[in-house]
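Quick one: this structure, given as structure tokens, is what I'll be asking you about.
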Amino acid sequence: MSMNTFGRVFRFTTWGESHGPALGAVVDGCPPGLLLDESVIQPFLDARRPGTSKFTTQRNEPDQVRILSGVFEGKTTGTPISLMIENTDQRSKDYGEIAKAYRPGHADYAYDAKYGHRDYRGGGRSSARETAARVAAGAVARLVIPEVRVRAWVEQIGDAAIDYARFDEAEIANNPFFCPDAVAAKEWERIVDEARKAGSSIGAVVTCEATGVPAGWGAPIYAKLDADLASAMMGINAVKGVEIGDGFAAATNNGEGNADPMRPGADGKPQFLANHAGGIAGGISTGQPVRCRVAFKPTSSILTPVESINSAGEATDVRTKGRHDPCVGIRGVPVVEAMMALVLADHKMLHRAQVG
Amino acid sequence: MSMNTFGRVFRFTTWGESHGPALGAVVDGCPPGLLLDESVIQPFLDARRPGTSKFTTQRNEPDQVRILSGVFEGKTTGTPISLMIENTDQRSKDYGEIAKAYRPGHADYAYDAKYGHRDYRGGGRSSARETAARVAAGAVARLVIPEVRVRAWVEQIGDAAIDYARFDEAEIANNPFFCPDAVAAKEWERIVDEARKAGSSIGAVVTCEATGVPAGWGAPIYAKLDADLASAMMGINAVKGVEIGDGFAAATNNGEGNADPMRPGADGKPQFLANHAGGIAGGISTGQPVRCRVAFKPTSSILTPVESINSAGEATDVRTKGRHDPCVGIRGVPVVEAMMALVLADHKMLHRAQVG
Amino acid sequence: MSMNTFGRVFRFTTWGESHGPALGAVVDGCPPGLLLDESVIQPFLDARRPGTSKFTTQRNEPDQVRILSGVFEGKTTGTPISLMIENTDQRSKDYGEIAKAYRPGHADYAYDAKYGHRDYRGGGRSSARETAARVAAGAVARLVIPEVRVRAWVEQIGDAAIDYARFDEAEIANNPFFCPDAVAAKEWERIVDEARKAGSSIGAVVTCEATGVPAGWGAPIYAKLDADLASAMMGINAVKGVEIGDGFAAATNNGEGNADPMRPGADGKPQFLANHAGGIAGGISTGQPVRCRVAFKPTSSILTPVESINSAGEATDVRTKGRHDPCVGIRGVPVVEAMMALVLADHKMLHRAQVG
Amino acid sequence: MSMNTFGRVFRFTTWGESHGPALGAVVDGCPPGLLLDESVIQPFLDARRPGTSKFTTQRNEPDQVRILSGVFEGKTTGTPISLMIENTDQRSKDYGEIAKAYRPGHADYAYDAKYGHRDYRGGGRSSARETAARVAAGAVARLVIPEVRVRAWVEQIGDAAIDYARFDEAEIANNPFFCPDAVAAKEWERIVDEARKAGSSIGAVVTCEATGVPAGWGAPIYAKLDADLASAMMGINAVKGVEIGDGFAAATNNGEGNADPMRPGADGKPQFLANHAGGIAGGISTGQPVRCRVAFKPTSSILTPVESINSAGEATDVRTKGRHDPCVGIRGVPVVEAMMALVLADHKMLHRAQVG
């Protein structure tokens, strides 16, 4: 069932295919009176924009956003904000070959099994271009949570992880990998370039941290802050795993090792001595940084032929030519940030609804 | 914001605290005409029931379910099914000591920060007893998807993982750990018993597999099958990580290594040569087994004193006496199965709604 | 599709059949810290309770509510509040005759057409007993909106309307009809008694007014306050029409006649010179009393035989013996009040979510 | 709380202000494989289009719809369908005078009370132009329910009702009033013209009937077919009342008079001898025509000065110059039809979800 709306009170609905005329998002439930024009959103889209280095897809899209509603005299009105981004660089001919063949790892076969009909150009609705709409919506969400700072980075590409001893936030904007470790960034140049030249692809891990989240956002059951983050992150194209705090490492720990002891803090709030929990306990924020890790698989679009079948059920080999990201995790960084902001904005408003 | 309903068309709402008179679930949207009485549900509750071995909490709850509505002459009517389980073995006095102190790793502090008021007895709403209601609801969900077989097992406790070369499904019911590897089960006896005797606790990983899911359940965006599974699993008490298919391992792989090649199958459906994707591509089931891994942290209830604060903001040391599971992941197995069944039932019905 | 949950952030889910062991409601999203015990709810149930006069059904139900969760030390905790009412006076034998025959005007035929299976005892899920659960939930909703006063009354039974010149609110509790006009109440005694003795039934109109609603609750589109009220009221058993403010009379008016002029008020708020709009403009409350009228049809359960068919499709005559209200609109008064309170509580919280 | 999405599984989200660059709808959950292009939608928009006679607003909008997503090779893909209509004839200067004054009967004051900020040009989000988006979405909904025929007409303008003895469906398209009675249409010319010339306005009643709805759509509680219709209709601008079947007339009837007797029908289905219920019993369709009546108030935009206040709280007189419909109910006909189609499409899919 197509369900292109995300969120409970701060909600957004996205639409658009890779090779249609445009794509967009309708942001609903936004508080009134927030200062908003296109220039507030554009920088986030620019960060996600393809074609900015040889390490991302060479599709060239300006990704200029237009605000079509919900803003008057420079401020949000509280009514739905329609955001539209036109597609300009569509080369549908690149996809002719795979119109009938199912690309392994892509949703092609699953789509046809579900709908019996699909827009095969560039992955249609499953294209990573859809994430531009989320990034635009996320820029609006950030206005709702000015007390929160959201930042993400690539932590690992393939087997090569950063060294947190060299973590330098300023470095993130200095390289095409959103990498906070200048040494690792150098190594990634080589790794991603090799994958690109080989017509292959490579996976990555993105880490996201939100600081400034007060204690008390979230819910004990089902609409837990961590459950909603898990849904938000797992819903990003190519994501296969989500961890909150220590994640799978917590499974190998014991109760003492995993405890986050508290002491009376100077400001009346507790001072935590560790953050194994990733800032969330029992589904509710604790006031510590909210932290999650997100695993991106290598894009399935590779030049190496892979055994597959076509829509007639016959054997065929598939190579995906087109223009693709050798490592989709990289451009996942602004998307992960956007989803974090969107979930937090929703939970801030939900908390306010119940508790006032 | 309290949101105790899960699901989109097949929905359930749970209620109840650890030390209240009862807990329950209201299952709504269930198809009519399914054969249902208490005996259909009870075996799943018995599998989750505490007090069955020394490796789980010694709280002794019969967990007898009563069906209060929605069933007539042995069949579901299509109207809401109210399931109730009475609490019988509540020892509130055990919790007096922690009424004012915040147990590190628990939701105590976050609850007070949110609501300013909480039922501290046994964790109140955050008690793992809430999962009994989900298990009961999950038993109803299984009736909606008779074509699907859902099974889960513990794959790892602390650092000790099973050897899949020794995987024997029949073994799962033969030991108190839901362990499919008889050799690992022996080792876990020692590990869990040591944790128990030390007043400590230990984490675990649960794996769940659903076979028989046809291709086509799920959605391209937001209501993705994998996103809903991630939400369902991350919403279980003590869970800190969720993977679909290869999960974080996919992040270290390349496109060739992560491909799931297809060949024409004997039955007209594709024969997949691998299942790195865990049975889900682009948010939609592929017809392969749907597989996920779930990380449980060690329970935070330990006898070792941990630095903490009380509700007045003063320093205190907290030991959690009560009766607790040394490894909550173990009893997580029936809960993980229930959540898988609940998500799949919902998506089967959603798919039918859209596609007929 | 069975959808037994109502509301957006303040939500309740009801369950239970007329002749099952119990019925109930789970109230979710309630703010924490509200003073609540059974005695807060019981008076509203007592007002709706059957068997209190010869003008209502003779089924004798104490309708004692039990709170099973969500309250600790006399205050709401913010977690789901489970309310249960046991059924005690069920005479299933009364219904044997109509197990196979479809009662005209009842949902019998529609149920079978939908579900192929129904609990025919007392109307099963369609029994007006379900409204007891709403009344209980409504009592909780009132705690959320202490600034609002909700009251309803019967305005008309059959053709006999009250005279608003004789409107006396104190009178409402003085007669078995919730009638604010002592003269009309006398006439209704005769009308309803005649209907009862004839084994017939009679329709009624209920008016509900909420004062103290501040300007600003509601939404411009879809989640309009008036649209949600319309849904809430039309969802009550036997209701066939809903009006906000002047309702259908506005259709016969012109712009001048229908205007609600404003003057500067003493308190800085506008002083309205009329309330044709019923306190809602553009889906949003104006600060005037919110007022709606609700039409109840005569109950379809009558002793006069009516032509019908049975489940085999054969002709039959149906008389509905059982014990029925000769005028269901009367006991609709507490239900209408409850639905008004539930909608307003939800919108207060929604407004707070968006605007703070 | 802004909530611009309507529906449960077949959903649409609208956006856009009267004087913004465009408005639109995103239709989500639509089944795949339906034949759709702009020409399928345009005729419904043309029927609602302003400026087609002197009896409607003189604003001249071509209301050309563009499909931006969700359709490939002429068929729906099952993914969100983005529909956009550009605004071309905006004369913002007309509204300068009322930027600060609250027009009585409009949402101006309520908007400011809620949001503290509003787009006052042409009513902003509360403009009847929003209904163009619904009409476009409704055209898509009709594709989902080919078995159903939806038609609406104006039944009454001011006090002048049609005579059903002269009902001629073919007549509806022959006059500018959607009037099925040629005699009444003549009278309405005079009535509406007088109102127009006087700078006044007049109310109307629209009736809508859907034939071909099978028995079984809807739900016993809350998601009742009639409750959803009531919400849908009351959510249309200027609507103040909704009736299903006999509506308020049922309140004056007795059980015998209100019964819809059944006989065995030729086709195995019941033959109903009356339709007081308007095709819905217990919230579920009976197989009879689904019928509702909708009351439109006279538009509040009149040239006669009305006492009011401005945003500073000072007294002022307001005349609404602009270009307005003297009788908004007339152009409500295509909107009522659209909402009926949208509700029915949703319920068809919901029924399929639960019952298969």
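Order of writing sets the labels: A, B, C and D. Residues in every chain begin at 1.
One rule holds in what follows: a residue touches a chain if its C-beta (ideal position, glycine included) is under 8 Å from a C-beta of that chain, and two chains touch if they have at least 3 such contacts.
Keep in mind it's a predicted model, so treat the numbers as computed, not measured.
Undergrad: State which chains count as neighbours of subunit B and simultaneously of subunit C.
TA: Shared contacts of subunit B and subunit C: A, D.
Undergrad: Could you see whether B-D or C-D has the larger number of C-beta contact pairs?
TA: Of the two interfaces, B-D and C-D, more C-beta pairs touch across C-D.
Undergrad: Indicate the whole-number Å distance between the mean C-alpha point of subunit A and the mean C-alpha point of subunit D.
TA: 39
Undergrad: Could you state the distance in Å from the CA-based centre of subunit C to that of subunit D?
TA: Computed from C-alpha means, the inter-chain centre distance equals 26 Å.
Undergrad: Based only on mean CA positions, could you tell me how far subunit B sits from subunit D in angstrom?
TA: 46
Undergrad: Would you please write down the residue numbers of subunit C that are in contact with two or more other chains?
TA: 1-5, 8-9, 14, 29-30, 32, 78-79, 114-115, 125, 220-221, 350, 353-355
Undergrad: Across the complex, what residues on subunit A touch subunit B?
TA: 1-6, 8, 14, 102, 104-107, 109-111, 113-115, 125-126, 130, 156, 158-159, 195, 200-205, 214-224, 226-235, 237, 240-248, 250-264, 268, 270, 273, 276-278, 280-287, 293, 295-302, 304, 306-309, 313-315, 329, 347, 350-351, 353-355
Undergrad: Which residues, counting only subunit B, touch subunit C once they are in their complex?
TA: Answer in residue numbers: 1-5, 9, 11, 13-17, 20-24, 26, 28-30, 32-33, 66, 68-70, 72-73, 75, 77-82, 114-119, 124-125.
Undergrad: Quick one: which bits of subunit B touch subunit D in the complex? Just the residue numbers, please.
TA: Residue list for subunit B touching subunit D: 8-9, 29-32, 78-79, 220-221, 349-350, 352-356.
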